[in-house]
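Going in written order, the chains are labelled A, B, C and D, and every chain counts its residues from 1.
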Amino acid sequence: MRARSIRGTGALAAVAALAVAASACSAPGESGGGSGGAKDSAVVGIAYEPESLSPLLGYGKDGNSKIFDGLLTHDADMSLRPALAKALPKVSDDGLTYTYQLREGVKFSDGKPFTAQDVVFTYETILDKKTNNASKGELDALKGVEAKGDDTVVFHLTYPYAPFAERTVLPIAPEHIAGKQDVNSGAFTTKPIGTGPYKLVKWSKGEKLTFTANPDYWGGAPKVKDLTMAIIEDDDIRATRLRAGDLDGAILPPNLAGTFAGDKDRTTYAATSFDYRVVTLPTHNKVAGDTAVRRALDVAVDRKAMVDSILEGAGKEAYGPVPTDSEWFTKGTERTHDLAKAKKILDDAGWKPGENGVRVKDGVKASFPLWYKSGDKLRQDHALAYASDAKKAGIEIKVQAGTWEVIEPRMKTDAVLAGGGAPADPDFDQYTLLTSELAGDGFNNMAWYDNPAVDKAIEAGRKTNDPAKRKAAYDTVQRELVKDPGYTFLTHIDHLYVVDTTFGDLTTQVEPHDHGLAAGPWWNIEDWQPKK
Amino acid sequence: MTFGKTAPAPGRIPWGPMARMTGRRALFAVPVLLVVTFGAFAIAAASPFDPVKAYAGTAGLTASQENLDQLRANLGVDQPLVSRWWQWLTHALSGDLGDSSVMRQPVTQVIGERLGWSVLLAAVAFVVAVLLGTALGVLAGRRTGGWCDRAISSLAYTLQAAPPFWLGLLAVWLFALKLGVLPAGGLTDTGSTEVTAGQVLSHLALPAAVLAASQLPWFVLYVRQGVADALDEDPVRGARARGLAPRTVLLGHALRSGMLPVLTLIGSRVPELITGALLVETVFSWPGIAAATVEAATAVDFPLLAALTALATVAVLLGNLIADLLYGLADPRVGFDG
Amino acid sequence: MTPPKHLTSESVSGAPVPDEPVSGAPVPDEPVLSVRDLSVRFRMRGQRYIAAVTGAHFDLAVGQCLALVGESGCGKSVLASALLGLLPGNAETAGSALLDGLDLLTADEATLARTVRGRRVGLVPQSPAAHLTPVRTVRSQLEETVRELTGTRKPAVRQAAEAAAERAAFPADHLDRYPHELSGGLAQRAATALALIGDAPLLLADEPTTGLDRDLVERTVDELKRHTGDHRALLMITHDLAAAERIADQVAVMYAGRIVELSSAEAFFGEPGPRHPYARGLLNALPEREFTPIPGMPPELGALPEGCAFAPRCAYTTSACAHIPPLNASVACHHPVLDAAPAAAAQEATRA
Amino acid sequence: MADLWRRGGAGAVRRSTRAWRVRTSAVIMAAVVLAVLLVPPLAQLDEQAVDLSAKLLPPSLAHPFGTDDVGRDLLLRCVYGLRVSLLVGLVAALVATVIGTAVGACAAASGGWVDRVVMRLVDIFASVPHLLLGIFIVAMFQPGVWPVVISVALTHWLSTARIVRAEVLSLRSRPYVDAAVSGGASRWRVTVRHLVPGVLPQAGLAAVLMVPHAIWHESALSFLGLGLPTHQASLGTLVQSARGSLLAGDWWPTLFPGLFIIVPTLAIAGLAGAWRERLNPRRRSELTL
């Protein structure tokens, strides 16, 4: 939506300039393509912008923040690799101590050296109650951080939390700057300094973030010198501006990405993801809380049609939070579309066809509302398709739109078309989505799902480092979800990015639901080798 | 009326009366703005809108109650309506219109950066609409009931019924997608580092054309009516009887009298122009103030919305003033008394 | 100023001689305008027609002034419009009006605009201020007319316009005023100045004295007469008999769209006086005469009575009046008033 | 008497195409009303029903307007959209007329400073662009059907108030009102019993003329994402949700809803124009839209 901003009196000056037919005036932004040689700048269009750029408030917590580095980072296969740490951590046998050796000679972009104290400061600040970090629960297992000299950091856990190393991708903030400011509102939240491959030049809120390469980056200076991330919420406008050559790359929904299919100058990348779309079936709704209804809906829904049409093939059918191609997926839990079976389940459970084909049981009509966030076309289309499928089985689902402010208070009884997904570890999704103690806790466990067997399995999975035991635990969860599907998982959606071919062949990571600044083909933009 | 008064010296602009009229209008604007801004606050107060949650954004959804309460106190939302309004007003007078939550900038900065582009778009569209509308209106009004009139009037009525956003979308489809001759939106190519007049002009063409098309019918129909009526009146009869060429009669007499009612109503077009700009800027992602208004509304950005509503009111009053001044200048029978 | 091309004796002599000279009026030697059977009707909704002028028939010679008199709504102004080709779109005409060999009724708009209006027929309109465009000064409209009618170019225009104003005795220091800022007399002079620019052989004055006070009326008509001189003809349409008496050479009386009497001014205002009962009634209504108005109201043109239109108001009505009387011997009446003798004689005569 | 008549006037002929226009408008409106009333119960089709296998089909015999990007028939969607938009427009126009009539009648009946203050407030209200005020109201009250109706109603009563006030003032000078007043009736009683019925035709005309405006506003708000939810068919949401398809080159989901706004608007304007001519024969030159 927001086009390039025009600073200060620039706009008025331009009016005047036009009036006298002058040729040019000050530029609206400093980004943009170089005029010759290898393209050393990139402008990419993204849909959301972060609320803050401070790692202490949650920015870049899943790694890859461009401005910062974590102790570890992910490679293209989502395997952990050392970053600010010299190597992967040494884990004690009881799984309660993680020891990291730090990389030497790393400097923040202001020239000050990076030390173990910065790591301790970062983690301790996040855990501080006064810090408004919404995801501090992810470090629940962490008891304390300890610096041993300038180059060693030791983490002590309260319980052996299996995926802990995955959490240490979070970016490290400089104590000498952030430590002197109010953590929640200081200048650091908008003008961050880090060790990462790029330095922030300017953040025009709601419009774009401009970065320039960090020439002293410990991993080598990036070839793409200038990086602009244009924040364009509206998909149509993003597509239009990409087509107009305004942007070098952009994330697009499937239907719009499809319009670039024949474009020789642009390549479409489909990043597989853990990003699922799901219908919550609230336990406290008389219809949606009924196991028979849940099971019927689970087989009545035509996931393949959704993938083929709504996602234009860019995605996979989803049967749980774990995508079917993940090593954590439990083979055999796929549900095929079977309308007859759905009807039989309902018939057997006593849901008899009533007026207008809507089933009734004990005077209760098989009908419930389904909310989606207004303006989200992908969710709207999923919701409408789901409702159409349900109708065929005799369940009436009334699709409603609203903002989160409207939807949130209704989540206890009304179904919601929700999304989520974190690829790093199965615990990340399943713990928040399915454990009964998180029922109704904000956007955690929105369906108030309550299954003791699942609770037990999740608890077991997160507290052991033994891969076999973990696999068994998550298999249990996925099998329980077949028996009592408190959510109808619909699809895992591929994230589609259309990028100018001059940047060569790019790669993508497996992406989470919440694709931040650094997801997409530009996850490793510091390593790009632009063509001439 | 100035009947009986001594005639003003020919060719001299009556600055004095014009300045006095401007002054009177400025005085009238004060209560209008007070009422409008107070109305905005009253609507906000009556609505379920919670400025605290709006300020906190999505973080507000998960923020603790304690946190929200603190924010509530900081924002002064606890105070009664009148004192909040008064506070806003006094701050506004000192140039502080608050911070826009959606743009994450001070409201004054948002306005400063975007107003110029909106004025450019609106002015170009308005001038095109006036010129083209006058030409078509004269063509149609010259011979009402003729095929030319019917074609032009039908087109005008149809254009008037067509929503500008729909016209805009079709224009994008045709000119940007099918023909590929004009850019579909924005102000400049993002790839370039300068705002060049050429780029702005090519990006301006479609939105200005669509905005002009949305304003055009009104001008066409009023000029047509004005010319047709004037053609039936004595001054034109007199001019024809004098043996003036038809073109002179049409342009020098019928049009000049016929344009008068149009002039008086030009001021009333400012709201319509703003309405059109709201839609056109959104369709073409023109970085103007109207597009910002829509964004502010979608995100319930009250400080920005309130300021922009007041700004729009000022624009309307200004439009009325300019129209009346023009009318006074164009028609010597009318003074500057209003 | 260049003299208009058409004012040559050749073209005037080329005009056809009227086929049926009207008796009772001084026969003009050089008819500038000859009107034959001119009728105008308006087409209304539903195939209805309103006859505004029916069978008008007269000649007008150089140096002559014809006063066309009648109450308002009798069709006088429609006749003037017809001569200028300024009738509204729903009007239909019949007959002819020859001016310099050109039939004004059949001429197309381009001919009328380019060669007739302003150039061969100069109009001094009714309510002259209203016939000027209100948003332009008198000077600008004078200069414009000078430019278009005489082809004078830039530097000379200003002077030519001032000369034109001068001719009509319009004061030069009022040239930069707007029409609404002029007094009635000055507006009249401005209109006259405009009408004279094209040096037209026929001046058409449509109610030139409406709204003026007595002194001004006299001055205005005197000026018109002066401008007519001996090289122009003046057709003055008026309801003001006193004004007509002052300058007219012939008088035509119109009632309900028809010319009911056409005679020399001498005979009309002096002895034997008007012969049509209506004309007589008009004259007698003047304050300096009997000061007795004609009873009743003139009929609406859309709802004319059968037969003689004046019959319902006429003291002499007989059964013959059920038929429309033709214009014989300059009067259209079945029982014209022959002299000032009692009407009874006339009545007797027609009954016989 | 001449028997050969010629067209005499060089001026324009104003041939009346009015009757033709009124007839066409009436036919279109009748079709619109019938479609809107009858199609939903007769169609027995769920306009929300998604058929993912039939997405974005161009216009054909089976789908005269084509289908949208989730395979819904656009003709059906347009009819439903028109139904919703028309309903919103009607209710909004009705509410606005009631407000306008009440305010106008009260101002005129009270006279004096009340009249002046009220009409001054009306002037001030009129200084805020309609759509902007609508946007403001909807933004504050969350998008939805009722906020849209309210915002359209609250921005459209001004002209009705002015018309009604003027009409009441002119009616008040009529003899029968004088008679009622001298008969001892109170000012309010006179207003309610004698004046309000007298202004109803004008108010009704204003209401009808307002319907296209209201539809227009609804569609504009919906298009901006501030009106009805996008899955609910209204003419505005249809254009809004067609945007993506249009950028992909599929023109029909955008074209037809727009025509559904234009055609009824013209038809209503045509009928209301005829009505206005009957009410105010002398003000023929006034424009109808």
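Everything that follows uses one rule, which is that a residue touches a chain if its C-beta (ideal position, glycine included) is under 8 Å from a C-beta of that chain, and two chains touch if they have at least 3 such contacts.
Source: prediction; values computed, not measured.
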item	value
Chain pair, A-D or C-D, that carries the greater number of C-beta contacts	A-D
Remotest chain, chain B as reference, centres from CA atoms	C
Separation of mean Cα positions, chain C and chain A [Å, integer]	93
Inter-centroid spacing, chain D versus chain A (mean Cα positions, whole Å)	46
Chain centre separation (chain C, chain D; CA means) in Å	53
Whole-Å gap separating chain A and chain B, where each centre is the average of the chain's CA atoms	42
Shared-contact residues (touching 2 or more other chains) in chain C	86, 88, 109
Shared-contact residues (touching 2 or more other chains) in chain D	11-14, 142, 225, 243, 247, 249
Residues of chain B engaged with two or more neighbouring chains	172, 232, 282, 298
Chain pairs that touch, as defined at the top of this document	A-B, A-D, B-C, B-D, C-D
Chain D-facing residues of chain A, complex	235-236, 239-240, 243, 253, 255-256, 258-259, 302, 305-306, 308-310, 372, 374-375, 377, 380-381, 383-385, 387-388, 391, 399-403, 405-406
Interfacial residue positions of chain C with respect to chain D in the complex	37, 39-41, 45, 54-55, 82, 85-95, 105-106, 109, 112
List of chain A residues in touch with chain B within their complex	1-15, 17-18, 21-33, 43, 51, 132, 134, 205-206, 228, 230, 234, 237, 240-241, 243-248, 375, 404-405, 408, 442-443
Touch list for chain B against partner chain D, complex	31-32, 35-36, 40, 43-44, 47-49, 142-146, 150, 157-158, 160-163, 165-166, 169-170, 172-173, 177, 217, 221-222, 225, 228-229, 231-232, 270-272, 274-275, 278-279, 282, 293-294, 296-298, 300, 302, 305, 308-309, 312-313, 316-317
Chain B residues within the chain C interface of the complex	3, 7, 10, 232, 234-246, 248, 252-253, 256-257, 260, 330-333
